[in-house]
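Two complexes come next, and they have one chain in common, chain A, joined by chain B in the first and chain C in the second.
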Partner chain A sequence: MTEPILSITIRSLYISALASFGAFIVATLISLHISRSKKYIDMLSPIFEALVGVPTTVIGLFVYVLLCPSGPLSFLKLLYTPYAIMFGEFLVALPIAVTYMVRHFYSARESVRELVLSLGSSDEKIITMLVLRELAPVLISSYLVAFSRAIGELGVALIVGGGIEGYTNVLTTAIALQTSMGNYEYAIWIGLVLISITMIIVLIVKLLGEYVIWK
Partner chain B sequence: MIGILIELMHVRKGKALQVVLVLVVSLSSVGVIYFALAHKPQFTQSRVVIMVSTTTSLYQLGALNDLLNDFKNFTHTDVQFNILARGSGEALRLLADGATCFAFTHAPFLELQYIEQGKIERLAIFAYNEFVIVGPRTDPANISKAQNAIEAFKRIYYASEMGLAKFVSRGDFSGTHVRELQLWMIANLSPEGKSWYLKSGQGIAQTLIMADNLQAYTLTDVGSWLSLKNQGKIRNLAELKRDPGYLLNTYSFYISKSPACSASEIQDIAHKFREYLMSRGQDLLAQRYSGSLSPVKGREAIFLQLWEELAQLR
Partner chain C sequence: MEIALKGIWHSYDNQTHVLKSINLEFKEPGIYAILGPNGAGKTTLLKVASLILRPSQGFVLINGSNFWELHREGREEIRKRVAYVHDKPILLRGSVRDNISIGMRIRGEVDESLIDYYVKRYSLLEVQRKSVHRLSAGQAKAVSIIRALVLKPQVLALDEPFAFLDEVRARILVEDLVNITNDGGMILIATHYMYKELASEVNYVIELLKGEVKNITRMR
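Coming up: the complex of A and B.
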């Protein structure tokens, strides 16, 4: 009745890596835009910071209402597919990626702007490019944070994915299922797999990133 | 970290180490990519996919998987059943929404409400067993001597009020929880808000484990009780009261009347499955699940009547 951990893990990785990548791209664009002015930051940053704390179950319910047969997006027939989980995890990961990047972007922007102005130029494009160069490590870290949040969340995967064996069962839903059956030991075991996989991925990406930057 | 590695490379036999490093990295990346492609997760399914919601007890017993697989093999029907195991309350809600098209539940009281709203249709009452009241071996409320389940609940209430006992409730509108609520209603008692009345909000396994740890009374279906006992997860509780009248537990098969489930393939398979369920399926239950689940075969009329009584019990 239970799937081998290997296929559950690979499915988890595919879904969360793609979802957090989407969140990373959108978050970068948002952060670049917001960090232009202190006013924007002061107004919008608290909103994103608050959104970080929304329970994933609530996000899951929100997506369910959109995708369920009587919902506005039901024609997409995405409910109980891995793509629904990707969409939900995208929403889960987005606020934390934005929050992480916005502050760093702002301070980097300020120092780069000073430097560029002192050299006699005022081109916004150059500033943006230099800021991105400067902040490559931050970009990597924010993707990893988004990834961790996505792969470790349960509410969305359970409600819009359903935890269907062989199809939408991911590590977190497997843990929840085993727990509900009273198999606490097996659930802890899956949890350790989740933690180690996440750590390994984070280490590898960090290493690769440093290597690329070093060159 | 990389800095140290690179320094090392330059200090000792630089070239050789560099080559080794490059080889290792490229081989492992090739390995990872091959592995990932070979084990690509399946993101598509066969043509006809039917979403099924079910009560957790039926799923955890393994009976539902057995019945669905045997049905597919026996009738050579090309269909993929995706099962969502939740409490009966959520299972019925998903069915009414059309998010799932089949449902297997055991909460007549709730089922009747959805039937009256015209959202679901019953195709069969296909199995039954009993709920049982379990509790600490010492039975402080002395329910094993009670005449019936209602009196047992009264005894639990009064003993708990005196601080001698506790009760753990599912608290999640599952079939078990709904029956428990009906029993309190008939006994004219309200444990809501009492300090000894603990609502776990979780599945039957976790609720029983909680009751086991707290040495409390709880209501459970006999299938889950035996299954957990055999797995050695319950040490401190004993079965204390049975009542084939008030504690009869009937399992029914429903389809959704939502337009999302009106496709002819789904309706076809629904009726095929009903036929299977009430013939060969009954034998399967009798063979593999005796003691946990009993077939209804031959007594459909009686169980229909019992179901109606249970649905209106209050």
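Coming up: the complex of A and C.
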């Protein structure tokens, strides 16, 4: 029996939404910290940029080693659950979110700091609040970029999720599964859903980019 | 408030000194114009005197106390009395009014009627609700000047304040600066040319060349 596309889509959306939300929060904290110093940026940015290029199968393998019965986190019993995919997708989305945010954070922090000092204060809390306010559209865009990366990955979902129908089967694993079974038409439909979601996200990011320029 | 700069040297790259052995005192209320060509160190000197930039060497004395050796609370208390206007306005996302009120919001006291007064005075009524990214260069400059004026600073430092301003706004600005000095305030202006309306109101002209004070002239 084949699982309806709608239920696969909903599962994909909530797993990727939560994973990328976690990545977004951690990336914001990392970016806020790194952007305090040009030295940190020059030192750490290339590392995150390099991590963006790590194949998701390698990240999947890494998460598998952690969660497998002989792994250090086996007691959590997360392997082949949606939570394992979330954890893996979190790791997939984190570097791209940091890379996207950090340059914006640095330039915004420099300007805001200079402005706040010129108005008679040097309060770091005020500077951080103003930077976050200034970069609100960038933050939303970076979340969507992270989400787009998470929902489109296959390696993690297949290795630590297993593509179990009705439980861990997401859009990408469903395409792989249906193709291997010869159900090309069904696989294409799922592919179209995935492409539509990605395109909507790209459109939103583009519109937000224009909003940043003109607002 | 008295500002004294003693033996100030500053370098951004530890190689070239932008300021060299500066000794200056800003004691009396009035307008001090720092005059010099591009690259003379005017902006750096203004930032050091406005407590924005810590110099590489030397002391910045505020009423006799070494500012950069004070504890954080002490520095913040003094900084509240100083405002600085950049040559290129730094405007944040939001409306004209949002930007004008930033300094007031930082201090927790927003005086809407004072904002209304300056918005009208500098002819920004029509654009006050608009995004700052839609302003002309002159309007943006006016916004950054008003943002400092509404804080009623004892010391107001302005870097090239007349750049981009039209004649009307420039004349209004000179009036406002004179009003501040009449109330006992101090105005520090860095500029590469002496704006004609300002010339008759300046108390001291400090000529700066290649990071060194070449001449100090009392005008009034």
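Basically, the second predicted complex is superposed on the first by the 193 of 215 C-alpha atoms of A that agree within 3 Å, B and C clash if a C-alpha of one lies under 4 Å from a C-alpha of the other, contacts with A are read in each partner's own complex, and residues count from 1 in each chain.
As a convention for this text, a contact is a pair of C-beta atoms (placed from the backbone, for glycine too) under 8 Å apart; a residue touches a chain by one contact, two chains touch by 3 or more.
Keep in mind it's a predicted model, so treat the numbers as computed, not measured.
When both complexes are overlaid on chain A, chain B and chain C end up sitting side by side without clashing.
Centres of mass aside, this uses C-alpha centres: at chain A, the angle toward chain B and chain C in the superposed model is 170 degrees, to the nearest 10.
Judged by the touch definition given at the top, the superposed model places A:K125 against neither chain B nor chain C. When the two structures are aligned on the shared chain, A:E114 is found in touch with chain C, with no touch to chain B. Chain A has more of its residues touched by B than by the other of chain B and chain C. In the overlay built on the shared chain, the residue A:K39 is in contact with neither chain B nor chain C.
Legend: residue contacts after superposition of the two complexes on their common chain; A:R133 is shown touching chain C, with no touch to chain B. Look at A:Y80: by the touch rule set out above, it reaches chain B but stays clear of chain C. Of the two partner chains, chain B is the only one touched by A:S180; chain C is not.
Taken over all C-alpha pairs, chain B and chain C come no nearer than 12 Å in the superposed arrangement. Overlaid on A, the two complexes show chain B and chain C touching the same residues of chain A, namely 214. Per the touch definition, chain A reaches chain B in the complex via residues 1, 6-7, 10-11, 14, 64, 68-70, 74, 79-83, 162-167, 177, 179-182, 207, 210-211, 214.
Taken in their complex, chain C has these residues touching chain A: 50, 52, 72, 75-76, 79-86, 90, 92-94, 102-103, 106-107, 131, 133-134, 147-148, 151, 153. On the side of chain B, the complex with chain A involves touching residues 1-3, 6, 36, 39-43, 45, 51, 56, 60, 62, 65, 82-85, 97-99, 202-203, 205-206, 208-209, 228, 231, 233, 258-260. Residues 111-112, 114-123, 126, 130, 133-134, 136-137, 212-215 of chain A are the ones touching chain C in the complex.
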